[in-house]
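Attaching a single structure in structure tokens format; questions to follow.
For clarity, chains are labelled A, B, C and D in written order, and residue numbers in each chain start from 1.
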Amino acid sequence: MPSLRLDPAILGALGALVLLFVFNAAFTPNFLTVQTLNVILTQVATIVIVATGMTLVIATGGIDLSVGALMAISGAVAPLIFMHPALAGGLGVTLAFVVPVLVAGLFGLFNGTLITKFGLQPFIATLVLFIAGRGVAQALTNGNLQVFNNPAFQFIGMGRVFGIPFQVLLMFAVVAFFAWVMRRTVFGRHVLAVGGNEGAARLAGVPVTRVKLAVYGIVALLSGLAGLIVIAINSSADANQVGLNMELNAIAAVAVGGTALTGGRASVGGTLVGALLLQLIGFTLLAKGVPQSAALVVQAAIILIAVYLQRRKA
Amino acid sequence: MATSPLPSSARGQAASAFLQRYGVLIALALLLTFGALRYEGFLSPFNLFSVLAFNSMFGLVALGMAFVIMTGGIDLSVGSVAAFASVIAAMLSPHGLWLALLGAVGAATLLGLVNGLVIAYGRVLPFIATLAMLLGARGLALLFAGDQSVSVSYESGFTNFGQGKIGAVPYTAIVLAAAFVLGSVALRYTAFGRHILAVGGGEDAARLMGLKVERVKVLVYTLSGALAGLAGVILASQFGAGQPTEGLGWELTAIAAVVVGGTLLTGGMGSIGNTLVGVLLLGLIFNILNFENGKGTISLSNYWQSIIRGVFLLIVVVLQSQLTKRRS
Amino acid sequence: MTTAEPLLVMEGIDKAFSGVPALSGAHLRVGPAEVHALIGQNGAGKSTMIKILTGAYRKDAGTIRFSGRDVEFTSPNGAQLGGIATIYQEVNLVGYRSVAENIFLGREPKRGPFLDIARMNREAREILAGFDLRIAVTEPLRTYSVAVQQMVAIARAVSQKSRLVIMDEPTSSLDDREVETLFRVIRQLKAEGVSVIFVSHRLDELYAVCDRITIMRDGRTVHEGDMTGITKLELVARMLGKEVGELRREGETAFSRGGTVAGEELLSARDLQAGRTLRGVDVNVKRGEIVGLAGLLGSGRSETAKAIFGADDLSSGELRVHGRSVKFKSPGDAIRNGIGFCAEERKTDGIIPDMSVRENLTLALLPKLQQLGVVDGARQAEIVNRFIARLGIKTSGPDQKIRELSGGNQQKVLLARWLCMNPNLLILDEPTRGIDVGAKGEIQALIDELSRDGLGVLMISSELEELAEGCDRVVVLRDGQSVAELPRATLSQDAIMAAMAHGQEEGARG
Amino acid sequence: QGLPKLGVKKTYKVGFAQTESNNPWRIAQTKSMQEEAKRLGWQLVYTDAGGSAAKQVADVNSMIAQKVDAIFLAPREEKPLAAAVKNARAAGIPVILLDRNVDQSLAKAGTDYVTFIGSDFIQEGQRVGTWLKANHKGQARVIQLLGTTGSSPANDRRKGFEDAVKSDTSIKILASQDGDFARDKGRQVMQTLLQAHPDVNVVYAHNDEMAIGAIAALEAAGKKPGKDVLVMSIDGGKEAVQLVANGKINYVVECNPRFGPKAYATLKDYAAGKKIPAKIINPDRDYDAKTAKAGLATAY
């Protein structure tokens, strides 16, 4: 049985998170409020959702640079559907939830195919969509901003359930589900085996190609979902902006959360902690009025320290 | 004891080996031919040297990146470090070219050294260490520059470096060529070059064989920092300003160029010459797109351009990987 | 034997890995110009001892004297400069680089600031010629077989002009002729005054070439003496910590063939062709039968195994399993057809280093351990514990990462991976490679027993005695073709050897 | 040693070197340039520098190589693009600058380039500051959402505004943070700053997009933009003007991206030999509660 003891790999990030929390509680006015918690969680939700998928990809020894572009594509497709005159009402909204996510998923399979069938290295394979994907999103909308007001659709970004923002619930559901998948399922082991030693995994009967297609598909589906959340919050889809820099944020969250970029290991819970830590750093620097230039330097230092610490614990 | 000759020496392989080696060069030639036939003024020295002068910065950065990648690492910080160096160069430019050059390259080298130390001795993965530097160097650049471009001195001769020419050939193109010749020689004919490839080919093995793996790593990241610094000096000198916000995405361009040049991202194998060809290939695409827009037949919006660039990259790397696969 | 001051003295060496002791007070003394055997069970601490000496690991306690001086090397490089050359247990070379570069890495001949490439290649060729190895030294090393790589590693170490050469299981992937070559080199080194530490689980080799012996058990040194002063039986007893009387031994191996009745046909492969290495292999295995696959290095044994298992593409030939014609597109297909394959190179083809013993052991079994995709943890634990006990795997627990196990214990986990699947047919490529004599016996007995229960086995081994004693039939390959098939009645080491070298008129392909 | 000459022709082949196209304002500007060229039947060579001043210089060079008749340049940066202006001049191609200027110590209107058409960013910031001084009640506690760090509109709009309100002790700037000219970032920064400074009652955003993001943040925090918190921005696109009309934004200074007609008209004047002033400042409007409804029809 996988024991339930805390993964030592995330202790560094967790420690830093607690420290920063205490610091803010002491020195940032109005920090200990539900509102603050809400702000942090809603802002981190999309990063966590994407980074969870990224954790799986990285666990297979891969990487996905195209997540931000996929968010933009999904964000561009959704309004095309629910704003289409022929699709007014419930059907349009339903389709607007399903179709864009599936479209993003297809692009993920495209990535996966380049990697498995054509043997491209993941960095380069996903660089293709990193460059072209946002262009595709813009081409779909002819480069225009799509502005809308559709409460039914926007529930995904603005709605609340028992007072908790829906996207936050979604985030926790995604994390819990994939943490469970990695711990308890055959698929989870296969992901780790592929990342740990692909050749050996293949000889042990692990369906390597399918596992890889699946992880790139999963991260793409999750990116598609995140894209919907972003456009819903902003009441607008801007193919230029949706998901910008998401790949770096997600990868940083994964790394700070203790998943080695070399593959073979994965900590979905760690990724959540990593993303929260990075978000809290951002929050603190903003709240303290640190200018962007200095904030960048501080962020760099904290990322290094967190990664360095957990590297020693691991 | 068995003494069979080469295990892999079939005839048909020679052709694909040739293609793999010179494929990018052939692609570059094809692209140039295409441009020459289709566009007026494309083959003019002005245009070619302008492309070369501009891409000299990417070339230098890609050269450093090639070394880093051959050790199995990656350096995401090159763009920020170049921006940082351009700021330092601009600030020092009133004191003349040499001081600005030394100061800026020195400062960038220092950042590269930090990368190397953190990676080799701190044992932080290159991706993360240099990702942090990508943020940090950008922050430093903005801090030094006070959030805006820094003017260079036009009196001290600093701008000659980036804007001067011998005949029609810009200095920067000469610097680029020299850097690649040196890099090529270093990789092929010195022990340092072999050690880089050995570290990339099997770090543990190299260590057990007694190589100073850490030192090799520190050196390549330092070198990458220095070359990014040189690119930064060219940036400041060619465009007359230290630009703290420049260099976004340079790392990806450089990595793509290295890969297009046939270097394995996993390390252990690679070619310096083809890296340069890769840089020029990717650089020419932009130029061609600009010319295509001038034909007036279609006006490619920005997003179509990025789609075309993505598809072009896709075609090149897929062809490359198919050739490599066929070979092994 | 030697009365002069020893070349190397390691005393009171302690080493623990995250609290678990691997060495406790171990010692090792090697005299000048002496070939010293270092033996012990898997996990006894031999490799750890060596890595501490060469600075790859740091010791917790103890002293090391080398050449009359107290030393503490902090890196393999330091040890190399200090006069110790090492061939580590796992072949550790850089595959993408050329043979010559691998031999000279870190001490390349130079002219001015530049490499003297011509000289490097020339000298590499000369060095390899001393090992009867004539290969293209400018080709990437990885294009050669493990055996060649191993010889290159040996050549590299020997050519360093050191005072001490350490060889950690150098022969585990070599066949007899290469072993002979190696011995010749070792004797030559000795004649030149160089000492050698020689680790091997093949006892005959120790007697053939070693002067003195150190036996380790559970991280301690339990015996030290002249090679001539200890019989094989005593040696094994010391190593296993048993009384000589406890060890009853019949043959050289724990196989006891003869009289097994083969059942229906499990596997029949006809005229297999693949790549440039397989050019017509015929082999079939019946239920309850152990079939050996013999051949020189590079004769295509491993390739045959991989092709049958669906790991390499077949270009032509027919494969039948249970009488049905099959085409395996991937190892997964083969596994679903009840076939298991324990590969030769455990580092690249076997272990998932960062995964636990538990996950490594059950990796191939997972599809059968699941319900709706969820792993049945209780059953998994039960199976893992059973096999750890059954094969005597030395581990701190199922949660330990497999890369922390000693080489031999990793091998046992991999065997368990396939045994736990209850396969119909098991393909074993050098199954006892690097396994100590005690465990080897157990594994052989286990294979034997399973085959009695109906398991068919296709076994590749470079140890002819293992083939001669263990197999019902041996198929001999040469240059990617089956050239002979020796039935039980005519099986002997000599017969196999002869067929390997010359083929045989009455062989399968005539 | 004057400007390059340009003959009078029916149609021209002109270049437009755009800075980037990652925001609605830029896209509108590009569209205006393209549509007007089409209307006139001119051939337009369009390039996009993707936010890189260095690439923009290279883009201009590629236009020179294509021998365009004239170049419209929207300089990404003041200093680096002076080099492009000089290259064009050396090649005998007149340049007209749009929406941002180049460094006057490096290149001068009337000798190096024809003219600059655009808005004055500092002045835009000043107008917002002046309006605030006149319209705030009691103590004004301001959060400023800055444009992309290091960009000249961000620097100038900040400077103009801060200079204008410096003298007024009843105006206090609580925080100034980078919102990257983007809606989502503006919203996130505003959300965070609202936590740290709940007493804020004025938001000044360097563009519409960030202002709209800030409004979302204010509403999510239960505040009424336009009432509890004064919102001011620059650009004056239709969406923003509509929000002024709805009372959620209090004041917008226009910065019109529709350069096409003016730009080409200026070129024709230049070819015709008319005297062109060194600077042509767009007559940018501003909108508040009173003028918004009327202006809505003509807002871009």
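Everything that follows uses one rule, which is that contacts are C-beta pairs under 8 Å (C-beta built on N, C-alpha and C of every residue); 3 or more make two chains touch, one makes a residue touch a chain.
Just so it is clear, the structure is predicted and the values come from calculations on it, not from any experiment.
The chains in contact with chain A and with chain D alike are B. We define each chain's centre as the mean of its Cα atoms; on that basis chain A and chain B are separated by 30 Å. Separating the centre of chain C from that of chain D, both taken as means of CA atoms, is a distance of 72 Å. Between the Cα centres of chain B and chain D there is a gap of 34 Å. Inter-chain spacing, taken between the CA centroids of chain A and chain C, is 44 Å.
Chain contacts: chain B has residues 142, 147, 301-303, 305 touching two or more partner chains.
Residue positions of chain D touching 2 or more other chains, listed in rising order: 21, 149. Not a single residue in chain C touches at least two other chains.
Chain pairs that touch one another, listed by label: A-B, A-C, A-D, B-C, B-D. Within the complex, the chain C residues that touch chain B are 56, 75-77, 79-81, 86, 88, 92-97, 101-102, 105-106, 108, 110, 113-115, 117, 131-136, 139, 143-144, 156, 177-178, 181, 276, 296-298. Considering their complex, residues 28-31, 33, 35-36, 39, 42-43, 143-145, 147, 158, 230, 233-236, 238, 240-242, 244, 282-283, 286-289, 291-293 of chain A touch chain D.
Of all residues in chain C, only 309, 311, 330-332, 334-336, 341, 343, 348-355, 359, 363-364, 366-367, 369-370, 373-375, 377-378, 380-381, 399, 417 touch chain A in the complex they form. For chain B in complex with chain A, the touching residues are 118, 122-125, 127-129, 131-136, 138-143, 147, 252, 255-256, 259, 264-266, 301-307, 309-311, 313-314, 317-318, 321-322, 324-325.
On the side of chain A, the complex with chain B involves touching residues 65, 114, 118-121, 123-125, 127-139, 143, 239, 248, 251-252, 255, 260-262, 291-301, 303-304, 307-308, 311.
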